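Labels run A, B, C and D following the written order; every chain starts at residue 1.
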């Protein structure tokens, strides 16, 4: 029944490797099924070379496995919380992609410095604080999800308009209207992280993109009157 | 009738991907037909993997589609303005290539620091200012073209000798005597941007290339007495 | 008799090249046989393209060749000392991988700044001092091994928990429970070195990972109650 | 008669591209024939994809073509001067490889900071000054050769022990006992340039390799009692 979703999630996981976002098993992608209220996710620690669509694991919104032979990704509880709270999100990706991870280790948010950013993220991409010892003890992966949701709430950011986050000392999560879209956002996030790092080397005082150009680029692709592409 | 040009423009668009200048659909190349006073350009948002020569769109100098099933690139109006004002230019390329885009985000021009630069660009490559809110409202893509033309006019730069520009907060446009040449210039611009960035890290006071070496390298390839190559 | 080990060591050496850790012959991997108390290592100066499992050389814990037609790696004596003193180690890898070598040239240890580090190394990765003239004269490669062992002893680091080291002005050695594991640790060490370098560019005051997150990530993969993967 | 040399020089030119040292036609390799006192070099401006061994051009020590249909590389006169003065050199390579070119643009020599350097270059790799206007007017390529020779003479460097140089604002030349060796030295020079750049970012005060380690590594590969490899 989830056959089509499994194929899409499988393709998305394989794309993580093809795009150079992951080494070994450092990443996972999942896709959500609206009708069943479950998501399909990569199993834990399985090399991409050996992965098949049948290996994918089906999990409910409480993070409990409902189908599959293997253990789901160790980050499953984080995915569950994201789907539970970000209602319009149907795909989630986590990777240790190099430049996003570098930026996450720095503990800083990614400012919108260019139109590459503006084409996909409508404003700064936040960097969540470290989890506390208490949160880690209560459930590291679930609390990571809660921290993501709380960070967007506190900063009053719409997760549809800014489909990703950095986690201090860890790496990135991105999401989207489906798992394919979530992968694209992970690729873009990594590229933005690289660009911003080096742009600040060229010019330590490099400015944010003016609001009107941010608006223009985001809205010509995503706004009500979008005119990018063939639609 | 434009069959040969379409094949050349198709090959140029595919080359953008092969050279690592573009991810997804972040780039477009066009070629101009002198007789018809039209140019052939990539359709908007079509992945390179799916692109065929028949998908290319034919556009006149006012930026109006005159042939083709698909919508032309969202940047079509910029190409049109460049062809209209830079009479000797027969190919235009726009990409978000990483190093040129990084430099564009910094808002600085690219100084001629080495002979790699001098072999292709006869002097500094300018960085145009941000567009104003008024310009964006009047027509973002067309005004981008006007800004490019005006920047060359104000700085009194010959677009044949300096076949490219950075746009602050955005990325690069390059051009040439045909679309193949415009792609080469985009590759070179990206490489120069990378080299200059790191050369300034090694030596923050690194100097411009002396004028006589800039002359020598540019003119041995492009001057009246050029002796590079087999001609 | 050592057929299976030789195949594993051969595959590990070839993987060094595939992972981009080595150019030419700048690396070597070895695997230890508990029963025979010998290790199998790459021959010296043989290009990876020409290497076969039969070319591998068998060496005892005093660094003496016991089987094989070719000369063993010039770094053989270093491998021997590591196996002799780090009793739980069954695989050793040496490469001049770019980012680890860069960091080795800087003479600084690698602080744990992210969970990528914590997933594989339980604390800072030390950088050993230069060898002295006397040590070099007494036996450069053997003394390199002794310096590695002494550095871990002096700093009171468990070589199982921190499976690698940088050598000032030289490059990295990594190890593991087998040669395949030692290669993984070499890949990870190089990636960490890259990440930490650039994270400090983004934020010169970037902090170490809090101890509780270091604990959490290392132990969820390697601790008594590890729950990562399929075991 | 020069068939074997031509094949070796052809292979060396193709290797430049495979190693990522050149884009387009930004490089050339030549090999010297002791008996004939001529060298075989890449033709000017011919893409590597189209190059065949028969396209190579034979040139004497005065830089005059003695055989071949095509124009020799525009840098031919520089190769000729190097062969004329560095008697033990039988192969020369010029590329605009990224990291060596970056360092050349900075105008600084490459200090020996690690054993990767010491394995191939016995001391600092010099950076020659810009050519003067008078030298350019007298013959840019020939005077480039003279400047290389003079720089080694003035600094009292043995070109066999330090088989390469950076040219301020330009790029690198390397050489060796044959053209294959000259390519290896070009690869190594580029890698050293990358490593030293980033090592100085990690630690602006990173030190030179102690003389005794430089001696050890260079001499274990190149000295009278060399013991690296299978000889």
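Convention: contacts are C-beta pairs under 8 Å (C-beta built on N, C-alpha and C of every residue); 3 or more make two chains touch, one makes a residue touch a chain.
Computed from a predicted structure; not experimentally measured.
Listed by label, the chains touching subunit A and subunit D alike are B, C.
Annotation: the subunit C:subunit D pair of sequence copies touches via predominantly different residues, less than half of the used numbers being shared.
Taking each chain's centre as the mean of its C-alpha atoms, subunit B lies 33 Å from subunit D. Between the CA-based centres of subunit B and subunit C the separation comes to 46 Å, rounded to the whole angstrom.
The set of subunit D residues that touch two or more partner chains comprises 200-201. Judged by the touch criterion defined above, the protein chains form a single closed ring in which each chain touches exactly two others. All chain pairs that touch, listed by label, are A-B, A-C, B-D, C-D. For subunit C in complex with subunit D, the touching residues are 23-24, 26, 43-46, 70-71, 74, 96, 98-99, 101-108, 130-131, 133, 136, 140, 169-171, 197, 200-201.
By the touch criterion stated above, subunit B contacts subunit D in their complex at residues 113-116, 184, 187-188, 191, 194-196, 198-199, 201-203, 206-207, 209-210, 212-213, 216, 220, 227-230.
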